[in-house]
Amino acid sequence: MSDVMKVGVLGALGKVGREVCAAVEDVDGFELVARVDADDSLESLVEAGAEAVVDFTHPDVVMDNLRFCIEHGIHAVVGTTGFDESRLAELRSLLGSSSTGVLIAPNFSIGAILMMRFAAEAAPFYESVEIVELHHPTKADAPSGTARRTAELVARARADAGVGPVPDATSTSLEGARGAVVDGIHVHGLRIRGMVAHQEVVLGGIGETLTIRHDSMDRASFTPGVLLGLREIGSHPGLTVGLEEFMPLG
Amino acid sequence: MSDVMKVGVLGALGKVGREVCAAVEDVDGFELVARVDADDSLESLVEAGAEAVVDFTHPDVVMDNLRFCIEHGIHAVVGTTGFDESRLAELRSLLGSSSTGVLIAPNFSIGAILMMRFAAEAAPFYESVEIVELHHPTKADAPSGTARRTAELVARARADAGVGPVPDATSTSLEGARGAVVDGIHVHGLRIRGMVAHQEVVLGGIGETLTIRHDSMDRASFTPGVLLGLREIGSHPGLTVGLEEFMPLG
Amino acid sequence: MSDVMKVGVLGALGKVGREVCAAVEDVDGFELVARVDADDSLESLVEAGAEAVVDFTHPDVVMDNLRFCIEHGIHAVVGTTGFDESRLAELRSLLGSSSTGVLIAPNFSIGAILMMRFAAEAAPFYESVEIVELHHPTKADAPSGTARRTAELVARARADAGVGPVPDATSTSLEGARGAVVDGIHVHGLRIRGMVAHQEVVLGGIGETLTIRHDSMDRASFTPGVLLGLREIGSHPGLTVGLEEFMPLG
Amino acid sequence: MSDVMKVGVLGALGKVGREVCAAVEDVDGFELVARVDADDSLESLVEAGAEAVVDFTHPDVVMDNLRFCIEHGIHAVVGTTGFDESRLAELRSLLGSSSTGVLIAPNFSIGAILMMRFAAEAAPFYESVEIVELHHPTKADAPSGTARRTAELVARARADAGVGPVPDATSTSLEGARGAVVDGIHVHGLRIRGMVAHQEVVLGGIGETLTIRHDSMDRASFTPGVLLGLREIGSHPGLTVGLEEFMPLG
């Protein structure tokens, strides 16, 4: 692979695709060689010499895109949803022992990934832990998917370490005051105009607390994760699930 | 009144009383002249020349204490609980047009008072507002009394300004995820080992948020409020209810 | 004035002007009747029946704009810079006892205004206070203008209340570790990619701290201030300087 | 080792030693069998059957204490300062291939250790990072030792990952406004009455920030680290330096 990676973007005219195109063009080390959208032929990727693609398209077309890329030795960084076990198995079979890499990632926010990892790592060392997520008031679900996922990871880390239930002497409470409970972990959702997507994990032990907070203030915040995926995909042949696999500990 | 105020403490051997004694002794401008507890005579106040007392005693004895102080022209700063309308009326009648001052205050935390005031002042200017309180896990009630009171003040300020309900598009929710609702304001209570008493009021409008946070990290945090009460009581004859009356705006 | 205010925007094609136009169109109670930019005649305001204008233009043209508005009884909410004492004096003279209102405001961020006000109100009650501002790393000046202004207001409030210097026992320090000092108040500036414009005022006394934080996450955050100006300008004849004049205490 | 570990405390009458004694007595799984201070014989440890000691004594006596413990097969968890390379080498030689464990730890705050670890782990993924520490105003040095150490670890992690200097376009600045610079990382120290020991590491990339905050609100916050040391020391024969060695990743 040359010093500059030639990148094609699939779904290039979508909202996310356009941000990916802009990021690839802006950053040293990448060259945007193909913008492909619904009506375009995948052959243009080959003609342009694309070494890797970013795919933010649709569950209906993404498998065809990936079959084409694997066949032509083009690495793929994929944010499209809809991957179940059977799709992942098919990709593994298509890739075989090829040197081509495919990354399937449900979440490209480096900050959210680190927050979840750190929360789970810290969990065994603290008696108490709760999660507060803050989002814009047009969000339909509460708590957020990231908050639920964090609670599950924290609960599992505590269980693995043999930590018992969180202490809570509440005996008189207004309904809802102590939040929702996910796997034994209390989760609180705020809906505030002006906010985008924010989360805080608060852990506490005798005399001290540790707080891990992620603030996502702009939807462009997923682009560094996509670029990280592109930088690493060439040295990770085969199928990888989850951007965290490209983020080594320590 | 001389430059140094001679102060007596009623309930001097109680947990709170001892902290008051220490604070009065430590700070310039005050002289601790009498420590009075359950078995001591109030006469010692007169003998010691006390100009003012601080009373953290018991609802059963506080009215006797105050009758004695008013009779002897001794100002009183009172943190003892149990004052209903009939007790306040009796104090007003006893004080008449005397130059003696009595302050009855349910809350001596300057920070909590300012947080509530600022939250109510800011409320009319923001679409969204929610309250998060964080306390040690041995607390029995949720949400805290201060959080409820803040919610009531914020709700009233919004109503007075004609602000409608907070925006909230939540359609799918785990039970409790959006907190308790007090007068239309969402309130969330966390219970975390290592915390003492903390509260955050989060307000938001288009593109911006304002957060007012109070952290009480030591029970000694009520002493500055008591000292403020002592400094002001001499120039506030008659009955005053609430330390905020001694904290002028602007 | 009818229930719906007819509004013209001067500088309508500028970056800020376009956001003002969008906000006026979006919000109930206003009708956008004229978009005026560099080459357009001010007469269109009269033809469209504008009751008020918003002016985000240029110091070179704003006085002509305001002379026209005052002459035609059109209220004006002005964010254009460059108003010195002689310009303000001229405006006062032009307005005379007219029922027309003109608001000149250097800052339309309601959150920044409230943060400064609350910081100054709280300042006399706390021994310690410091300011932390956080901005994007392309900002040229440090500390920010708002942080300097806040420090000045806090210092004045402390001086007026007779509060002495902040306590600080630092005897060994790396250069810069304690921040810049503005009127005796320590101010710290962080430059962080991903941030927009944020400020925190931290106040502390025995056992407790009070933190007032303003997060501006989107440049659209000035629009609620402009709309507040429009709502109030009709009932404030003459010249007003500073949006805070339209934000009553308590 | 039995289910309950028999623990002796060296320096039992010191401020820290007394808190250690209280913690060992309070927590299940430990039995306090010996309190040893300056004038007491170490033999009492053997008589009481101590399996492990905690040593918060003095650099002048700690080596004698450890020689005695190693000779008698008593594990040691040591918070006493003054260990240089020659002392560590001597301990390694004394321990040889013994099954006895000795932990030398300069910092028993689990939260501070996790904060430093997470900051270093996150550092390679972010363009910007700065450190803010907040302490009581009687602290003599600025920035704090923990803040300096964090900056060094963060700087090294960035260097190892090939991350360039932090972005900073500041061209006009009041002296000190951008803080102290430690290994290229900006560090800001606040001194606020009411605070104990707090630190925040702020990292940022396009559109998002990650904040890791540690609040130490009570000096008892070191005791969970001591107890962790006691729980682990039996399965870590030989010399260990740094409590973090007993805190496995992931």
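The letters A, B, C and D name the chains in turn, as written, and every chain counts its residues from 1.
Note that a contact is a pair of C-beta atoms (placed from the backbone, for glycine too) under 8 Å apart; a residue touches a chain by one contact, two chains touch by 3 or more.
Small disclaimer: the values here were computed from a predicted structure and weren't measured.
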{"item": "Relative orientation of copies chain B and chain C, as a Cα rotation angle in degrees, nearest 5", "value": "180"}
{"item": "Of all other chains, the one whose Cα centre sits farthest from chain C", "value": "D"}
{"item": "Between chain A and chain D, centroid-to-centroid distance (C-alpha), Å", "value": "33"}
{"item": "Centroid spacing, where centroids are CA-atom means, of chain A and chain C in whole angstrom", "value": "38"}
{"item": "Separation of chain C from chain D, taking each centre as the mean of its C-alpha atoms, in whole Å", "value": "46"}
{"item": "Residues of chain A engaged with two or more neighbouring chains", "value": "126, 194-195, 205-209, 215, 217-218, 221"}
{"item": "Chain-level touch network, classified as line, ring, star, complete or other", "value": "complete"}
{"item": "Complex contact set, residues of chain C against chain D", "value": "126-130, 132, 134, 137-143, 166-182, 186-195, 202-209"}
{"item": "Touch list for chain A against partner chain C, complex", "value": "194-196, 215, 217-218, 221"}
{"item": "For the chain D and chain A complex, residues of the former touching the latter", "value": "23, 109-111, 114-115, 117-118, 120-122, 125-126, 205-224, 228, 247, 249-250"}
